[in-house]
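Have a look at these structures, which come just after this line.
Look at the two complexes coming up: chain A is in both, with chain B in one and chain C in the other.
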Partner chain A sequence: MRQFLSFIWLSLLSFLVIPSSASSAVDYHEQLNLRPLPLSALLASFNFRSNTTLSEFEKGNFRFFPRSLGQILQHAGTRELHLRFSLGRWDSETWGARPWDGAREGGTGVELWAWLETETDEEADRKWLTLTNALSGLFCASLNFIDGTRTTRPVMSFQPEGDHSTDNNMHLLYGVLPHEVVCTENLTPFLKLLPCKGKAGIATLLDGHKLFDASWQSMAIDIRPICPESGECVLQIEQTIDMVLDIDRSKRPRGNPIPRSPPGDQLPCDTSKPYNSHDTCFPVDHTPQEWTLSQIFGKTVKGTCPLADPAIPPVCLQVPHSRSVYVSKDVYEKKNSDDASRCFHISPDTELEMMLPRPDDGASSTTTTDLATPETPLLYAERSFTGHGQERGGVQTILRNPSPDTEVEFIYMESLPWFMRIFLHTMETRIAGQPHANKSLVQQVYYRPALDRARGTQLEVRMRVPPASTVFLTYDFEKSILRYTEYPPDANRGFDVAAAVITILDPPPKDGRFAAYTLRTTSLLCSLPTPDFSMPYNVIIFTSTAIALAFGGLFNIVVRRFVAADEAQATGLGVVLARLKSRLVSAVKG
Partner chain B sequence: MGNPFSIAMSIQQPPDNGAGHFKSPAVSSDPVTSNTNTNTKDGAQPKKEPPPEKPSDIRRRSYIILSFWLIVVLLGLPIWWKTTTIYRADLPLQEMLDWSDGKACRPVFPLRISIQANALQEQEAQNLLRLTQHALDDLNDFSGHHLRLQLAPPSAPEQHDRESVLTIRLVPGDATTAKFDPHEPILDITYPSNAIPSPTSSSSPLATYVASQLRSTFAEEQATISYLLSTNSIPSDHRPQGLSSDISDSLSKRTTRSLKYAPTYHLTFSLFTSGPLPSSWDIDGAIGEYMKPVLDVLSPIHNFTIDTQVQLYATPGVQNQVLNKEDLSSFINAAEWPLSPSIGGAPTVNFIVFVGDQTIAAPAQSAGEDGEPGPSSHSWMMPQWGTVYLLPLPNDTSHLSAEALKQPLLTFTSHLLSLTGTPQSGSLPLRLSTLSRIRSADLLLRASSTLGSLARLALALPSISIPPRVADGVSKTMHHLRLACETLGGPEGLAHARIAEAEAERAFFEKSMVGQLYFPDEHKIAVYLPLLGPVAVPLVMGLLNELKTWLKRRKEAGKVGREKKKE
Partner chain C sequence: MPRLLASALRLRRDPRILKFPPYLSLLCILVGVAWLFLLPLDRYSRKTYISENALLPGQVHTYFGGSDQNVFRAYKHEVNELVGKSNTEINDKLEPIVKGLGLKTARQNFTYHAAGHDFSGENLYAILQAPRGDATEAIVLVAAWENVKHEINRNGIPLALTLLRYFKRWSLWSKDIILVLTPDSIAGPQAWVDAYHDAHDPSHVSSLPLKSGLLQGAIALDYAQEGRFERVHVVYDGVNGQLPNLDLINSIVNIAGGQMGINIALQEMWRHDSGYPDRLRTMLRGMLKQGLGLASGAHSSFIPYHVDAVTLQPFGQGWQDEMAMGRVVEGSFRSLNNLLEHLHQSFFFYLLMQTDRFVSIGTYLPSAMLVAANFTIMAIALWVKSGQPAAGATSPSSDKTKKLGTTTSPAAAERDLFLPLGVVALLQSLSIVPLYLFNHAPESALTPLFATFALLNTLLPPALSHLLTTLPTTPTTPHQYNLIKSFSLLLLGMFLSTLATLNFSLAMITGLLAAPLSFVQPYRSPAAKTAATVLLNALSPTAVLLAGVLYWGTTDVTGVLREAAVAWHVCGTYSPVVWGEEAVKEKTT
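For the complex of A and B:
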């Protein structure tokens, strides 16, 4: 079964990849892949790819390649660039392996890594600053906050995807903003980079309301030079949007978005339960149900982008051939030979509407026949905080290798903020079920300690997980206290810690495009000791009062005359009262 | 505190007590003691007096209070004020205002014009030169712009030398004619042989002719520079008179149209179509053919970088079939069209070819110019921004050839010249050298007025902070302004004026000047009041007590003196 599935993937990938690398005559491709996932989720992968020859790029003649981005690349000396905007969590337990082998996704927030061609490290830092500031303006994101403390230079984790000449002095810089909230204002500039601007072709489906309502979404921009063996080098920009939509949620009308349970007689019941009868019902959570493109995305595909390669079908759907799919007229369906996917050719001016009816009632109990079974990922990873209190804490990552016979070797990379001071000596790995730490799992550690307010911690660990086992990677850290002005306005929310990047080396050969399978953990929220922010004013008042008290006492002691108690003149309240009394008396008399 | 008061009380008390004896039993014991002891108010026993204080103690206390006050006033308050005050670097305010008022520099453009008259005798040539100079001085009414003639040594090669602005080549011929060399700033003047003035004559038609030629050549430059001076706050005595209002109108239109000076301009050529076609164009070839020659000529003054883009499915901001004058400004759909300025320092000039069959409603003045809707009605210029050209094409055109782009590019080229502020008349080399002089005057005036604004800002807002970087920028600006003023008209003048302008802008737009602006002195007092208040109370009370006892002592001393006198 596994071989069969990987064959599906292989054929699919080769279908996607090979035409582009083989011919650069047609410079623009776009394709939408729809894959229903278990529990009525739907993965929609949009892929747009365009090329420009390097000579045209250097001359500044932009046709499909966006000029705004091209100028930034030229100005910042960037040879390869990867930018990610992500939201949500990929549920790999249910949804299986990640799309694109995880190569087109990022951790929550914004992630950016690029190879800059410069002579020195300092120049690379300067250009990196230029790059982040320019991209920040282009994508309406806070990328300009990627400063020295959020920038690392990964040593083992990332490998360039493009073809670079070996003598270039390339610097890899990686910056991440886990706190950034990805939203519609990032999608609009993303669409503007497309040659057809979201006005024709599959990009017409992209709509901020639906995209950011998804359970998981990732927008990616990848720019890399590709040098075919014969012919001129090209610069390729690939824009990818992956989203997992909840079909139930998407089908709710926009005017009435509150979920309501159906009436009792329409409730789908789990008939396998022993107590199921005409008046007892255990409702089934996610029944396979019919959906149409316009229900899911709110609109239909408007024709094709006339610039796109007509040979590549714009829309593909991955369901077994046994299921029937209804499409609007003038749409030509082509079933692929792998029995698990089909593609649709659209003529330039027709609208594509697609309907996937409910599978036949007989098959509804077994989901294997109406969905392509998700592929098992190579590794499962979860990360969480341990410990308690405001002073110290720990991080625990649980890495599970589902494969019964293959060992997984990977690089685990953390880029932590400087205010999490990790104790490297506490880092240990332990196989679940064994009482003691197992030192042999870690093969190599690259550690660059943090400098306060200057740079963050960079930790890269090359390690392995034996077959069918679970490994705990733990380490402790100390939370430092920030300065008053370093706290953000919502300091009590906590501080986001970027996702850990796991790069699996030498994944089982699938001869796809990607040299490595990457996955990311979720980001964490670290709560630091937060002061009361009225503190400075309290301190001012308190010290002022103390100084004034001390000064008043001292001054009085020095200046006053000391006499015996019975010699003293009456002062204070008594004098005032007596005076009042005498006034009163005289007033009464007068 | 209680002492003088109780004395006053006790003086008042006897009659009161006598009168109120029966009504107030609480003070019934008073009459017994009040007659005997005037210094006590209540208490049955006689009040014990503290022993009289030694005069040395009293003096010491005065010294203590005095020294506390001295420390607080002379040391404490100045330190507090100094440490909490906003840093303001010293700016040479008066000098800065002088620059902006035009008192520090009087822009003078000495233009040297050399005359090559190899066919003439030395003596004759000198005479002709003297006469021409005389005629020129008579014509000129603007002292800032001065043409000075000099005779080129006859041995010099027959070409333009770099020191002078213009070379006049006098060649004998049949009639008096003048012709500009198209590539070099050389004016060829031919003259009939009988036009040479005799050494004794006081006027000559040839000299007058040369002078009037020169005058008309430089008229536009003169007008522009005097317009620039008049729009800045240069005192009127430096200003030339007699700028007619229509000339100054056209000049003001031209100066608002032209871009701010920059050494490099970035040209962006964009092809916008409302549909999917055409998606490619031969812009590279078209630029090379139609625009490159002009860019090459401009290259001594400006560098140009070029990029091009194709944008499909672009909807203009105005959908009307016929565009009125009001529509033109909103035609550019700034929200959707990717026309972001280039990064880096260079300003961007946008040239847009929009494929569509929209037409421009012929405005009155352009119809007056050429009578029929000519090529000008396809395009319009946006001041300081660029040009839009509407290109109607058949619907199925998928590729724009270089020939189809000829008309748009020629329009762009002529618009580029006016966007860079090049004068409209004269031969091209002369126009360019004029451009550099106009630019340096413009930059000089701009930098001066920025300095003036900064000085006025510093004077107007006493609570604004002035970091040392601003003072540094100001001193650099003034240094370069001085250098620019000395070398005005030459290439160094332009370079210095450029640096001065950049430094002045940097100083004026210093970021940290704004941050402190909203922290006024009242806030400072509010923050420190908890300290100052409680400290001030004992100090003030101590001083008041001391003053009171001192007054009392003086009074008593006076009384004792008077009593002694009586005795």
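For the complex of A and C:
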């Protein structure tokens, strides 16, 4: 009865609300974008977005905005918040430019940055602590480990996405946990923030098994205030999940996920080879293949979320119009004008099943007509360690600009742990193929040195890469020796170093919304000198000590002149005095 | 206490005490050698065990097989077609195959100059990015086109390709897998691993365009044998006698033996009955290899960078096929993949007796230390002796008077240090000459150079001693002889005991060969003199090298010297230095 009543109330409420706030934007959107990628990969981008007017928010009428998160934001004075959970790496060589221009992804692990409105830095730190601890509880992640040593205040790299009034005293804080393993326990609270809680609409596809088996996945939460030209300011929460699924892997049945080799007669062979026979087969891999939504995600889309804006198609697929796509009945397909994408409208109660058949010319493996051509990214970046040993090391970042005519200008930001003491004077940039360092590439450097056990190094470099060239950015560092108790339980693993964040300034205008193209390098594993607690060294040390002691005693006995006490020369003050006296006497006599 | 002191005093003044050290030295050597021979006994060696629990060897099912065999056969056809082609042609053919697996590939050129030859080639390598990993760690699978015996790795390369194709299907990898295809087993892997750690000379070895994270382990496949095999030979010696972590070997023994039923052989002991003689033989072979310090396979170059690596070599006629070998590699990779930390738990210093018995450094080190100690004891004895007046000229009473009065004429000899120190320092530094010459001479000049050096090595010591005795200004006194010998032995003892902690076998071998140096002294009778000279020359490095070549007969002097030169230039082996050092010591008698 109670449920029924509340249902009535809810429906009444929705009747009251929807017409009144129709102007302030429809409040909740959700959309799934599917983009097949080369080498039988599939990018699935889930996007959930809802707005609440700022005035309502401040009054505590959260509406679609999750209350748990809203209260944390209010308590910590957070004006804009970005939280990322990522796993794996984006293979830009094969997959092309990043989804959302890289604005909705983070480096491996957990990344958090937020603009806090406070008077002083100290207060910002205090609120930041509150925020990280509260989010840590909310998302089941170790965000509370973002302490002073892992927090930086970027100067050039991050720009607010929302509209903030200029007189606000805003503090940007950025923290990252590269070693955090993202898993199901982070997905569940993420889904609970959605208005439909993953029970209806495209969120029904999100399943921990599939999401965390993806080759790359990134979960993002972005909260920002948006003030349109006309109308009231709204607080927008955008939740994004991007994942790249391997179609072969995803199609394996859940009960039998082991990649056993297929029977010999089912192996796709290159029959043109002269030796091809029933027991010899040169394999033809990564041929485009058919897939269905339920094969990939293990289930179909269960209707739409009733709260979502019906005008926005819930599912879009980016394949050329020439390819045919089969969908279940009551699904209406609408081809977009760009010849590379189509969207599907579904009625609230139908299940969406979709099938992308194998392209007709199955023999030619990855011709461009089958897939929408991946867009070339503006910059390729790859970072690795140089050198070896426990004392010093170096970091080398290879930045490649693929564009034949446009120069790329960007900000390269590193936030390094304090035990990597970098030598700024060794930082140099070199264009590949040129023997000497090229100083003109670096335009501006912001460097905040580390304090032992208090804060990490922050390095932001504004630099440029000329067209069609590769630039090496290198610097050396020294590894400090930690205190005995500062080593984690798995000390010999090494210490993770967070990804470098590259923000490209003024990217060529595109119809997207993003002002900057960001990309992140992979994280690094830095091995520090680790005390060896194992036995052999102890044995060596102890035996050496024993031998040294024995040798010392032996040597002493052999070499020292032993005399009996009565035979010995007298020593002491008296002797010296006597000698002095005799000298004096002889001098006087002489 | 005074009584003790007094007795110590009496003991010290007793001239017989100087008679004692030679016997003590001899005892040290004998105990050291006996100790070594006790090690294979059950009481002194230990059973191996897996120390790093994360490895979990043999705990996973391996699924490599089935239609992978068909793929293997096809790759083998491809590889067989490439036999006899040039390095670049081979890579041109293999690269599309590797790319077709969905891996990122890159190439690297290298050139080394040694013994008047150029060793150049091109490595091809590919990175299988861990599907959910973040490029922080990597495991390496090496397949060289030729093994150290220059046999073509006909099965190893197709097997590596098939394995990578199979690995690509799994999503459980936490570390990247790097496939390295090198043209040879020594220079290629060395160039690659040097460049990976940026320790290369860019003018000879090009940098790697593609990299992954920290290397956590490497397995080299040396599968040149055709047909089915019986067992797997694990080669584990690294450059300069460094060894991989024992856990890696144990895991492979466990996986191959326990899970697959493939027995493992070590140190070319094709048959091993677990008895004392076979254990001793395995250990001594291991020590000889460790002492030589040469690279023994494609894995050797990895070990100096603290990347634990072994080579797997199937051998014998049995019923195991290529897929079984593949499953051994799969199991080992799964174990390495489990690692959370770098391999560090188990031993890095050990001697293996058989696949499941070893002695650790704590047990075997005393034997080399005792041998090294004998030199130190003799050095101290000689130092003391050199401080005493010449034999017969003193009596205990005169000794006493010397110490009592400061003005009484000293019966004790002043130690004249200049000449002995000068001679020792000069001879030690002279050892650079042969080191430089042998490492920079072209191959054709090596044998003549060796003959010259052998001749010089025989003639120089008598000439030197003649020169010293007939020195026009100050003829050398016996005390100075004693001091020369004392300093040499002191240095030798010091070097050897230090070396024993780094390369036990080298220290042991050198120590035993140099042992007679403790006991030779200026003889009066010509017969004794001749005998001593012959003995010393027989144990000189040149003679030992010749004897070794004659005994094993696998290669000639030139070959050995060339290998040493290559090792010096390519791998940075330092054992030749030690051999050279020893030569110097000879001359001081």
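Everything that follows uses one rule, which is that the second predicted complex is superposed on the first by the 482 of 590 C-alpha atoms of A that agree within 3 Å, B and C clash if a C-alpha of one lies under 4 Å from a C-alpha of the other, contacts with A are read in each partner's own complex, and residues count from 1 in each chain.
Going forward, a residue touches a chain if its C-beta (ideal position, glycine included) is under 8 Å from a C-beta of that chain, and two chains touch if they have at least 3 such contacts.
Just so it is clear, the structure is predicted and the values come from calculations on it, not from any experiment.
J.: Just chain B (first), just chain C (second), both, or neither: which does A:445 touch?
T.: Neither partner.
J.: In the overlaid three-chain picture, which partner chain does A:68 touch, first (chain B) or second (chain C), both, or neither?
T.: Touch status of A:68: first partner only.
J.: Using the touch definition from the top, say if A:589 reaches chain B (first), chain C (second), both or neither.
T.: A:589 sits against chain B, while chain C stays out of touch.
J.: Tell me which partner A:541 touches in the superposition: chain B (first), chain C (second), both or neither.
T.: first
J.: A:200 contacts which: chain B (first), chain C (second), both, neither?
T.: first
J.: Under the stated touch criterion, which partner chain does A:558 make contact with: chain B (first), chain C (second), both, or neither?
T.: Both partners, chain B and chain C.
J.: Between chain B and chain C, whom does A:248 touch in the aligned arrangement: first, second, both, or neither?
T.: In the superposition, A:248 touches chain C alone.
J.: Classify the contacts of A:311 with the two partner chains as first (chain B alone), second (chain C alone), both, or neither.
T.: neither
J.: For A:577, select first, second, both or neither according to whether it touches chain B, chain C, the two together, or no partner.
T.: Neither: A:577 stays clear of chain B and chain C.
J.: See if chain A has more residues touched by chain B or by chain C, and give me that chain.
T.: On the superposition, C touches more of the residues of chain A.
J.: Can you pull the chain A residues that chain B and chain C both touch?
T.: In chain A, residues 540, 543, 547, 551, 555, 558-559, 561, 563-564, 567 are touched by chain B and also by chain C.
J.: Which of the residues in chain B end up touching chain A in this complex?
T.: Residues 1-3, 5-6, 9, 13, 16, 19-20, 23-24, 41-42, 47-50, 53, 57, 61, 64-65, 68, 268, 276-277, 279-280, 283-284, 305-314, 336, 338, 340, 342-344, 527-528, 530-531, 533-535, 537-539, 542.
J.: Quick check: in the complex, which residue numbers of chain A touch chain B?
T.: Touching chain B: residues 59-63, 66-68, 70-72, 75, 130, 134, 137-138, 192, 195-197, 199-200, 305-307, 537, 540-541, 543-545, 547-549, 551-552, 555-556, 558-559, 561, 563-564, 566-571, 575, 578-579, 582, 585-586, 588-589 of chain A.
J.: List the residues on chain C that touch chain A in their complex, please.
T.: Result: residues 5-6, 8-9, 12, 63-71, 73-75, 77-78, 100-102, 104, 129, 131-137, 165-166, 169-171, 197-199, 211-214, 305-306, 340-342, 344-345, 347-349, 360-362, 365-366, 369, 376, 380, 384, 403-404, 501 of chain C touch chain A.
J.: Within the complex, which stretch of chain A touches chain C?
T.: 39, 87-89, 91, 93, 108, 212-215, 246, 248-249, 258-264, 266-267, 269, 273, 275-276, 279-283, 285-286, 382, 384-388, 394, 396, 490-494, 496, 522-525, 527, 530, 532, 534-536, 539-540, 543, 547, 551, 554-555, 557-559, 561-564, 567
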